[in-house]
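Consider the two complexes below, in which subunit A is the common component and subunit B and subunit C are the respective partners.
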Partner chain A sequence: MAEARRVNRMWRNMNAKIAAIPMVLTTLVVFVGGTFWTVLYSFTDSKLLPRERFIGFDQYERLWSNSRWLTSIENLMIYGVLSLVFTISIGFLLAVAMDQKIRYEDTFRTIMLYPFALSFIVTGLVWQWILNPEFGIQSIVRSLGWETFTFNPLNDPKLVLYGLLIAGLWQGTGFVMCLMLAGLRGIDEDIWKAARVDGIPTWKTYLLIILPMMRPVFITTLVIVAAGIIKLYDLVVAQTSGGPGTASQVPAMYVYDYMFQAQNLGQGFAASTMMLLTVLIVLIPWAYLEFGGKKHG
Partner chain B sequence: MKTFKLATALVASVALPSVAFATDLEVTHWWTSGGEAAAVAELAKAFDASGDKWVDGAIAGGGGTARPIMISRITGGDPMGATQFNHGQQALELVEAGLMLDLTDVAEAEGWKEKVFPQSLLDSCTVDGRIYCAPVNIHSPEWLWLSNKAYADAGLPVPANWNEFVESAPQLEAAGKIPLALGNQPWQSNLAFGAISIAVAGLDVWKEVNVEKNMDMAAGAEYAAVFQAVADARSLAAKSTVQDWNQATNLVITGEAGGQIMGDWAQGEFQVAGQVAGTDYTCLPGLGLNAYLSTGGDAFYFPKNKSADIEAAQKRLAALLVSPEAQVAFNLKKGSLPIRGDVDLAAANDCMKKGLELLAQGNLVPSGDMAWSPDVQKQNEDLLVEFWKTDMAPEAAHAQWVSNLKSGL
Partner chain C sequence: MVDATAVLTRTDAEPRGTKPKRALSGRNIMIYGTLFVFSLYYLLPLWVMVMTSLKGMPEIRMGNIFAPPVEITFEPWVKAWSQACTGLNCDGLSRGFWNSVRILIPSVILSIVVASVNGYALTFWKFKGSDIFFTILIFGAFIPYQVMLYPIVILLREMGLYGSLWGLVLVHTIFGMPILTLLFRNYFSTIPEELFKAARVDGAGFWSIYAKILMPMSLPIFVVAIILQVTGIWNDFLFGVVYTKPDLYPMTVQLNNIVNSVQGVKEYNVNMAATLLTGLVPLFIYFVSGKLFVRGIAAGAVKG
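And then the complex of A and B:
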């Protein structure tokens, strides 16, 4: 009997399983296969074309003694933490503001979401001009009478990351707001009514009841935003091209530059393997908490 | 007899069209600015006139963007008819992997060995004694462009060399000008370093390091002086806040900046702005100290195709690119120097003539693209942009630079 039941389960839902085969194959060959291939060739001295001459950890040694790479990692950390905290908190606050049954909500929502329709390249260029001291904010404020006003983040190695952050937030918060708003709308009206009957203040309801209920929305947002941060590339290329100096370099730029401009595939592969590790370090504990816990519980 | 004639006529009618058959040849390149596009159009016109068809495959965004696309098409089995690269090691591995068409027979038939000048251009197309590319122009990066207006505004004479430029910088700055315009893109810092190193260290030292690869010389006092000179120069460029090279050139054109170190392609910008060499702007090849030009430039490579028709057309195009007529038409529009000494560029402007003169005297050095692999070049680019844009110590940068060079030995 047990045997028959197992067979049954295997053959159940055949249509869906057959339909999933192409995607499963794509995942196995392109994503998993490609990943293994990349990791393998990061141990070779491949230049323009891949070749199987293994040199151990040399590429990694060179990578971790390269000051540009170290700057990239540091930048990614700072940008990543700030970007996560600000997009999610600003996005949530905006969603709460939207949720107050205001007039013209559709109009506001469209305005907020508009930047997300622009690519990072356009965003980067727009903010490059806005933050440019000769054409942007600085010159406008100066023309209003504040002659000594200085605001030139993109040319100051210490501030350039925040210049990028402003552009990133401008582009991304609208989208996070929409996700959050959908989450807020998914909460049953009765909960609000119950909270009101119990006399709980609105802010407390949001903080202690609604926020915990929106956990799945937060996790989705977190994964989307975090993935966007790690692959951050086009915004930096368009806005600062990694400068001034190497002050706004990010790992993805290092990977691309070394694979294609420097024609040193091995070095690029080593760097992209390190990026993969970063993702795994974030993802594995999360996946363990999210899925592992349920199995035991 | 009559049947024989008929037969030959029939054969000819079948055979002839295949000889005169126009072959489409896709040509990829990254020449997309106004002057560059006009120059490419000259080549396309000449090729179309010869009976074939030039299918233009311009890729915008500069060499750094275009080269990866070209390389992935060639290695991915979708080769174009012809493609631009810079002279040197950029396409070396593709040649070694047997992906490029051997042009030796064209070169011999056309006498490239005797006609191409300087000879180093052809040498950098040669791998194991076979020729794989057709050089089309020479571009030299070692120029200092000065704004006559900026110096007139400050009441100063226009400097005649780099040392005078550095000396006059404080007065220029006092007059509210940026002494040195420098864009933020990494390659511009690298270019400025290259120009200053030939000017300050001199040709012999430069050759010893970059051609003979003498690493003791690279670590020595001569190059320490170069790094010191760059450290001095970076404070002159501190107020320059633009990204692209042409924005920096624009600062010189409008007289907001005193000068810019940039390749001879900057000339196109001055021309478009209606400025006249000598009266509105001044150019100093080799920064006015060591009037040497490095002879980098562009060359066309022909990836191997399966079809024999295409291969024949590729060879026709290779011959055409080096021909005197194409050289004159192309280089006048491009503002670059021709790759053969036997053509007449009477219409050239003052700055181009200065370049031609140096070329004729043979004051030439090979370009960095020829001397070092792209990997070493990229590492140095990273290092130098950091050096120019931060307050990194010259000694630290020097040490790192030597170790970068060593990784390419």
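And then the complex of A and C:
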């Protein structure tokens, strides 16, 4: 009897283990194995095919002396900071506006969120068209009488990042608004009552009480948005193809081009390893705050 | 004491019931003004897309992109669907559409089956090390895809799937796993364990509990997962480019090739019709699913 039960239990566990095989393979082979493989081969001189000729940090030296990579990193930092600041502040502002017991809340939400359902390719192509100098905003303002008006961000190396930003914000702010609104709705009604009893004006309550209470929501949003920014690729491909020249290059594009076009795998591996490092810099402090902090405190 | 003051203040300062508000107070103008201006920003591209796609090229060259068409024509739509060129192929975006459908259906089914069973095992049938794997899985969601692109090329090549539809299906299943597993695990953990125990006492095993009890109870979360996967896989560009060959390119990739091709005269109306066509599937899902979509992305967002 006991024997039978033990066999039975083992069998049940077997089923769960069989069910978990895809997860185990994904985590061990693809996530852990793949990552280590790429990091390892970033120290080789692999060209068309991966090969085990180790050359130390040469690929990284080449990477960091390549002007295209440096432009990519600079672009990503500028775009990243602006995008974070604007998505989070606009998202919060809209969430606060939506939280005022307004009419047509569902309509406004539908309008703000639909871009998020669209791909970055669609987003990039639409905004490429709207910002087209011959037919888009520039030409319309000119036809209204302001003949010298110039707004041609996609063909101006200094402004092209802002062109991307307009499109990126269009796609993503509605989503951040939803996260923030969920955060606002999660705050205990009693806090509002208490603030009202104490006669604190609404804007002050938001700034001094609600904002600090929403810290976890802000941190989660920050991490999600930041992780998305580091992967930024499709939008740039569709909207500017990295141009004019190399003015809107981003790291993900550099990786793809070196791996699959220029047949210089080692460079691609080194560049993708740098991307991983960037994510870890964002992720580790967050993981520590989120999970490490709880255990200690 | 605190209660008493609260009650007193409420009765003093605030009459019961909702306060009648003036419709045009400064506060309201500010709130609705902000929302209205932003709504214009969000709606503008959709408007421009639709309007441009309904105009002929002469009208586009003459007029302004925001104006509605003087003469409505559906020719750009027809052309985008069945005649637009990518390279030497001139059979339109329909090819990309059907490729995307052929990629989408098996990817959605496989990824959801794998992840839901996995989430189920992680909730009710924990085994030694299962939580460690789950943690790695969630952290894996943050690893930039670029790091894993090439190792997967090698794996698929070894399996003879590189460049094929099933290779891409496998990739979507792998990268959908973290978020979907989390989604299902979180949902299953709200189901009372007594139910699960009762089923076990009655002699139901791993698969029969899943199929006969859990799945029928969890239809809403399956719908959320379907929404999440359909929009995510349909909108994918990178995996499509890397893991398929040109004749299997999904719609997004083909769209980008059509619009950003350097040869020939640019037909902006056809381009916008093509763009809109590519966006139709996720837009349809979005408008039909309504609040479930919000729930899906919120579940997708709140990791860990």
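The rule is short, and it goes like this: the second predicted complex is superposed on the first by the 273 of 297 C-alpha atoms of A that agree within 3 Å, B and C clash if a C-alpha of one lies under 4 Å from a C-alpha of the other, contacts with A are read in each partner's own complex, and residues count from 1 in each chain.
Note that a residue touches a chain if its C-beta (ideal position, glycine included) is under 8 Å from a C-beta of that chain, and two chains touch if they have at least 3 such contacts.
For clarity, every value in this text was computed on a predicted model and none was experimentally measured.
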| task | Have a look at subunit B and subunit C on subunit A after the superposition and call it: clash or fit. | result | clash
| message | One more residue to check, A:175. First (subunit B), second (subunit C), both or neither? | response | second
| Is A:122 contacted by the first partner subunit B, the second partner subunit C, both or neither? | second
| request: Classify the contacts of A:241 with the two partner chains as first (subunit B alone), second (subunit C alone), both, or neither. | output: both
| message | Looking at A:68 after the superposition, I want to know if it touches subunit B, subunit C, both of them or none. Which is it: first, second, both, neither? | response | first
| field | Partner touching more residues of subunit A, whether subunit B or subunit C | value | C
| query | Which holds for A:133: it touches subunit B only (first), subunit C only (second), both, or neither? | reply | first
| request: Check whether A:267 is in contact with subunit B, with subunit C, with both or with neither, and answer first, second, both or neither. | output: first
| For A:33, is the partner it touches subunit B (first), subunit C (second), both, or none of the two (neither)? | second
| task | Pick one for A:52: touches subunit B only (first), subunit C only (second), both, or neither. | result | neither
| Part of subunit B, among the options 7-15, 151-159, 223-231 or 241-249, whose backbone runs into subunit C after overlay | 241-249
| field | Shared subunit A contacts, counted only where both subunit B and subunit C touch the same residue | value | 128, 132, 241, 259-260
| Where on subunit A is subunit C touching in the complex? | 12-13, 15-17, 19-20, 22-24, 26-27, 29-35, 37-39, 41, 50, 90, 93-94, 97-98, 100, 102, 108-123, 125-130, 132, 135-136, 139-140, 143, 170, 174-175, 178-179, 182, 193, 197, 220-221, 224, 227, 230-231, 233-234, 237-238, 241, 251-252, 255-256, 259-260, 265, 268-269, 271-273, 275-276, 279, 283, 287, 290-291
| task | Name, in rising order, each residue of subunit B that touches subunit A in their complex. | result | 64, 67-68, 71, 75, 90, 93-94, 97, 184-186, 241, 243, 373-375, 377-379, 382, 385-390, 400, 407
| field | Of all residues in subunit C, those that touch subunit A in their complex | value | 5-6, 9-10, 27, 31-32, 34-35, 38-39, 41-46, 48-49, 52, 60-61, 64-66, 114, 117-118, 120-122, 125-127, 130, 133-134, 136-137, 139-140, 142-152, 154-155, 173-174, 177, 181, 205-207, 231, 234-238, 241-242, 252, 255-256, 259-260, 268, 271-272, 275, 278-279, 282-283, 285-287, 290, 293-294, 297-298, 301-304
| message | Under the definition above, what is the set of subunit A residues touching subunit B in their complex? | response | 47-49, 62, 66-68, 128, 132-134, 152, 154-155, 157, 240-247, 257-264, 267
